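Scroll down for the structure; my scribbles are underneath it.
Every chain is named by a letter (A, B, C, D and E) in the order it is written, and numbering of its residues begins at 1.
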Amino acid sequence: MKGKLKAFWSLLFGDSVRAFGVVSLVFLASLAIAPSKNYFSEWRHYQRGYLKMVRNRADAVTLQRHFQGGIQQIWLPEIGVVDRCESCHVGLKESSLANVSLQPYRNHPVIPHKLGEFGCTICHRGQGAATTVSEAHNSTLAWEQPVLPAKYVESSCGTCHRGPVPGTPRLNEGRRLLASYGCVNCHTIKLADGATMKPTDNPPSLSHIADKTSREWIYAWLKDPQAYATTATMPNFKLSDDDARDISAFLMANSTPISGDTLAISAKPSSDPTAGASLYGESFCASCHAVQNAAGNVVGGDVGPELTRVGSKVKPEWLQAWLRNPRIYNDGTPMPHYRFNDGQIATLSGFLLAKTDSDLLANVHLDPSTPQQVAHGKRLVSDYGCASCHEIAGIKKPDNFAPELSRIGSKPITQILFLAGMPHTLPDYIAGKIKQPRAFTTGLKMPQFTLTQTQIDDITTALLSLNDRANSLPPSMTVAAPSESNYQPAGQAGKLIHDMACMTCHRINGHGGDMAPDLSWEGSSVQRQWLTAFLKNPNTLRPALIRRMPKFNLTDSEVNQLSDYILAVYQSPTVDRDSMPLSGYPAGQVELGKQLFYGKYSCQACHIVDSNTDKGYIGPTLTQVGSRLTAAWIFQWLKDPQALRAGTIEPNRAMSDEDARAITAFLMSQKGGKQQEAAKK
Amino acid sequence: MSDEKKIDIEKDDFSRRQFFLKLGLGSLSIAAAGTAAFAYQYLEPNVLFEPSPIVNVGNPDRYPLDSVTLDANMGIFIIHSAEGFFSLSAVCTHLGCLTAWKPELGIIACPCHGSKFYVSPPAGKRPGDKIEGPAPRPLPWKRMWVNDDGDLLVDRSIDIPPMQFVRV
Amino acid sequence: MADPKDFAAGIDSNAKKAPRRIVFVTRRTSAQVKAETEDQVQTFPEVLFRAAVAVEALAAILVWIALIFNAPLEGLADPSHTPNPAKAPWYFLGLQEMLHYFPPVVAGVMVPGLVVMALIVIPYFNINIEAEGFFLKDRQRRLRIFYIVAAALSIFLAWFHVIVALVPTLIMAGLMLIASRSSPKSPSAFRRYLAARPLSYWVMTWFLFELVVLTAVGTLFRGPGWSWVWPWQGS
Amino acid sequence: MAKTVDQYFDDLRETRVWRSIFRSGSGSSTLHRSLAIQQNVFLHLFSTKVRTRMLSFSATWYLGTLTLGTFLILVATGIPLMLYYHPSVPQAYADTKDLQFVVSSGIFLRNLHRWSAHAMVFLVFAHMFKVFYRGAYRPPREFNWVIGIVLLLITLLLSYTGYLLPWDQLAYWAITVGSNIASAVPFMGSKIHFLLLGGNAVNANALLRFYVLHCMILPLTAIFFVAIHFWRIRKDGGLYSHSSEPATRRTESAAKEVR
Amino acid sequence: MKLPSGILVLTVLSFATSCARKPASISALQPTAYGNAIVESSGDKQVAQIGATLHDPVVVQVNDDKGNAVTGALVEFSAASGVVFDPVSALTDSSGQVTTNVSLGGMSGRYELTASTFDKSHKPIEVKINETALGYQQTLGRQLNEKYCERCHNPESTVERVSNYDNLAVKPHPFNEGGTLNKFTDADLTAIISYGGPALNKSALMPAWGNTLSKAEIQGLIAYIRAVSDPPLHGSEATFKSN
């Protein structure tokens, strides 16, 4: 055996010429294999696979004609994009490949942009220059940004679109959450257009907290805010018992009485739950405040705090003072000044104070605080940055308390410490950080928020849009956010509007809430008589709505003041309220309008004119629209509703002037006679 | 061992040596030829960083009637004549210099070797035809069309037969 | 080395005469007169073929390596962000490892400068020309010098906590100790071998040993912050 | 068939044109073979004959030849790589990416260049130590040893300058660290650093300087010294042969005597 | 060498990832009981954005041959790559049910989830659950649907929205009525939405939206209608089945 091997060896390598021949052959073979690296490149493999797949389809000829072999490149020099994704994703532009589930051959779903003008990596990240799957999709040493998981892809819309975008609920919601969960109270977020993101939550001032609640409640709240109210947005700081004790001691000691007076009970809280419930309902408290029902579901609005256990929280005297006039305690509160009388205050406070939870404070036993505890509490309050959100007397709001997040979407992975077992990608890091902030390092101050997985994903999406590209795009390539106005009405009426917090629900001149109709041009729209009556005693216009206008118990002079102001100031430039008469339309026109209303335009699908026959439940009831709205407004509205109130759901029917005039005549004849007569009697 | 056999072995050895020599040299020649093919493939770029041949030259309103506009970066003329819009290559067919529009003469002229081309030609001639000079061919017409947004597009890579005007 | 020309060479004008080997014998140099002429082969084809075989084999191996392993390419250079650790090319990592311990003037300039100088002067100082065992002659004195030098080096390295350089130094010193206790008559072949090593051998081997160890440590065992990391720990 | 091809080649070798180019002519006599070396501009650096013993693998391990081999591979791969490379700051990196991803076999050539460079550094070191342990630097070869040291330094510089060219993080920081070692030279260190980089930091200037050094200055210098290196081998009496040296023989005989 | 290096890389990668995932799937769950049937209890036919977690968890129940719930049977979920189950396998609880939260994959289309358990003879029994992931266009359509269409086209009322369906003399088609809506071509649907019911001789109670909605919005609505239609319109969308 050995001899044979030796003979074979000397046959091949016996002398230099033999060795030369053999080694040259080996060398040739090696060189011949060298092009294989090119020939077997992945993109060629996928292109072959595409042609194979296409061959069996009905539209094979078209697809084969469209197919271009070789590396396909999208080059956008202005933004430094080189994308070669289409080398493998061959069928991206073939709309007939929508039902292909085999990647990389599926077509791209419809988006409002042309693929060739945007490339792929602008939205999906990844390495556009790469022509291998792992280099293009994954995070490598040479490229940190892996392909963005689809659930975060809306973040890329946010790099150019600075405002809300239709079709990207995730991004819009994420941005809203960033502002409304107080993230931006601690983290500065400078937007690419130079503005700084402003918080929309309204954390209460703690300067007078001793007036409002007990130290025990503060303690329990600090330990677990969600135990008090499941919808509380206050995060859990995971404080130790001692720390919670000391902070509560400090807050109580630091509190000063409001306006120097101690609060006194003005009326003994009534214990009539039925009357309380009905007043609570009449006042539409539920539009803003939620209460947990027996089934454990939280029902009601989220403007104000949840009231399920409010009786365990507030002091009765504070509650009554608050109900009497919340502006004394907090001038900026979104809570309206209801002008309740003493009896109503007694009823309502009694009703609310009965909402207690005996478990909440059962285990809270606090000894009187010592100066050391107060001092320690003060230190903790500055350490945890409580003053970033809450106003606390004697403690300044810290600047840049938490890391700035203006470019978090481009944070280099090499600068991130990941948790064990966590995928090493930026979205996973951000989502993980929001989900469990304290898990990353001991001693971190960021508290635990109560968010659903979907909310975490939304916030992550919004944060990922804050990246280098967003900050470096020329303004010509961005879509600016609609500018938010700071409109505040002036004068006596302005004070009244502020007092009743109208703009918590109503939007006026680009500022305010979106719970109730936009009042910017209300003056062109309504008749004075109706307006005064409505302000005194709001009745419902839209039967399908849950949230309604509460009754504020305004005095006549206040109503007049408000009506005058609305009619004088909130006038649309396009509607001259006096251009059309309020009545006196010829009967023929009214009849034509009726036919159009019920026939051609079938308005009864959504509106009720004759409450006996019509059932439409979407738009406002029109039985007395003739005494409510001005004819000019109705006419203009029928012509183009969105021009008067952007975003209203009434479809634009592109009516001719004739049709619109006829329907106006018909609607102006709906004066709600019976009810008015009944009222007169 | 007889002498004959010895010679045989020597002969055998010699031819075997020759075989290995040829094997080696042959392999190297094939390798050299293969490398040449390999080099050719390598030298041919697979992607080009060049502007797209399709140029958006903007709204037709930008070009008044009877105007000749040179897009020097793209090397094309956009001409709005009474018959309609058309696009001429601005690259001289002689040696590739960029031609220029001479409004005082109403012609396109090449600065390098004096070729001149018609824009509004006499009867029997077409825009782009040579008036004089060494240019071997008339300036080619480029494909032009209007997109959905109403902008004029020109594909510089496609020559079309003359006299195809775009009306807007 | 200038020698007086006390010889004369005749010039034969007969061009057709076969050239002869002429030996010049001068006073100071001894001619390399060989007892017998060695076998010689023609450079062409023997040497050239062998060279071709060697180069082709190397090329083939490198082609395979190039096919299988991709050259590293990291992210775009970012002057604002230093990777941790920032390493020089591997052949400088021995230097970088020393820079970890010594001031730049010592590790970055003096040591490499001295090494290069030493390498250059080697052939001019008759080093290793008398290729005889270092300890075979003048043993006591040389041992004393050796003890002093080895101890000084070790203390110096220990003083700076240069464990990675100290360990090879100590191993080399141990081997030299064995060599000093050996003689060409030693029963074991290894000790006979050590005994015959000259000083230049010891110095160069120590240098090679340090080079390999320092480079290997710098390449494989250094992680973030130039801290010690085992290759299998990863980052 | 083979014969006719042979004959065809033989005929070709006898043509006037061929003979005007290759003076040595065909034939396998010693003279022809000597002429083949002497008449060739590249090969004449070598002697026409070598000692048979020097052909054995153990004599040299072919380390010098292999180093030359890597150098040839580096030249052959480096020139095509230059065709796709712009030595400008962000572009250099993009070009390296393009070589990796879109140029046909670009990644193969880059790999080959990179690994050959590493192999060359290693082989140069190995060659040096092999020469030292064999004592092949002894007179009359001392100057060739010095040239060898120079070639070692050139090799290191070639590899080092090439390291920066991809302009990636690895390159950038390796060069930053490496060039700061140079600035440790007393008195003129910062000047060397400044001149090497063409500035105070590793930036566009440094890239261009390294590019020119890597592709022009250093390879030409290396070729110059390599030529001298080879020529000196011939002039210094061929490859060093161990037992032909009197010194060693003396030790060996001494050892024998003792035994 | 016939095997392309790409496939090699992919194989290695998928092998690596499958290795990495294995410990999760081979959780030390040992069934204590076996059922004869597996049925879906809730969570079928949900609609969510791509990559999103479904609003309601998917609940399946394992029953024995008499139809009684089985406690302690092992249920495993599987789907096309990209779909994430939390948990991916579990034992049935005392009511015989297993609940899992599902995040859909990254591509728009229909996802077929499989929940499987074993009977006593270790034969697998499965139930298929279908969910829909919406892409950009369909999400836009869904938003428009919620704002404009659903008030009439969805017969069910919620706390926030009272349905107008019952008030209409001619009943609109809920959008998941695939049997009816699939008969309309995209052009038909565009015409009805743009010009109202009378455009196709349908009820005038359906108003014309052509002046209110843009072309793209109407296309988005149609895409949404196609996405939620049950049964699906053949060939309109990809279906991702478990592999």
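Following the convention adopted for this analysis, a contact is a pair of C-beta atoms (placed from the backbone, for glycine too) under 8 Å apart; a residue touches a chain by one contact, two chains touch by 3 or more.
Keep in mind the model is a prediction, meaning the values are calculated, not measured.
Trainee: If we look at chain B and chain E, which chains touch each of them?
Mentor: Looking at chain E and chain B together, the chains touching each of them are A.
Trainee: Going by the contact definition up top, give me the pair of chains with the most C-beta pairs touching.
Mentor: Chain pair with the maximum contact count: C-D.
Trainee: What whole-number Å value describes the gap between the mean CA coordinates of chain D and chain E?
Mentor: It comes to 66 Å between the two C-alpha centres.
Trainee: Would you mind pulling out the distance in Å between where the CA atoms of chain C average out and where those of chain E do?
Mentor: Those two chain centres are 72 Å apart.
Trainee: Averaged over CA atoms, how far is the centre of chain C from the centre of chain D? Could you give it in whole Å?
Mentor: Using C-alpha averages as centres, the distance is 18 Å.
Trainee: Scan chain D for residues touching two or more other chains and write them down.
Mentor: Residues 97-98, 102, 104-105, 107-108, 168-169.
Trainee: Two-or-more-chain contact residues of chain B, please, as numbers and ranges.
Mentor: 22, 24, 38, 41, 46-47
Trainee: At least two other chains touched by the same residue of chain C: list those residues.
Mentor: In chain C, 45-46, 50, 52, 59, 63, 66-67, 72-75, 81, 83 touch at least two other chains.
Trainee: Quick one: which bits of chain D touch chain A in the complex? Just the residue numbers, please.
Mentor: Residues 94, 97-98, 101-102, 104-105, 107-108, 168-169.
Trainee: Please output the residues of chain B touching chain D within their complex, sorted ascending.
Mentor: Contact set of chain B toward chain D: 22, 38-39, 41-47.
Trainee: Help me check something: in the complex, which residues belonging to chain A touch chain C?
Mentor: 16-17, 19-20, 23-24, 26-27, 29-31, 33-34, 36-37, 141-144, 412, 414-415
Trainee: Which residues of chain D touch chain B once you look at their complex with the stated criterion?
Mentor: 2, 80, 83, 98, 102-106, 109
Trainee: Show which residues of chain A lie in contact with chain D when the two form their complex.
Mentor: Residues of chain A touching chain D: 34-35, 37-38, 71, 73, 82, 84, 129-132, 135, 141-142.
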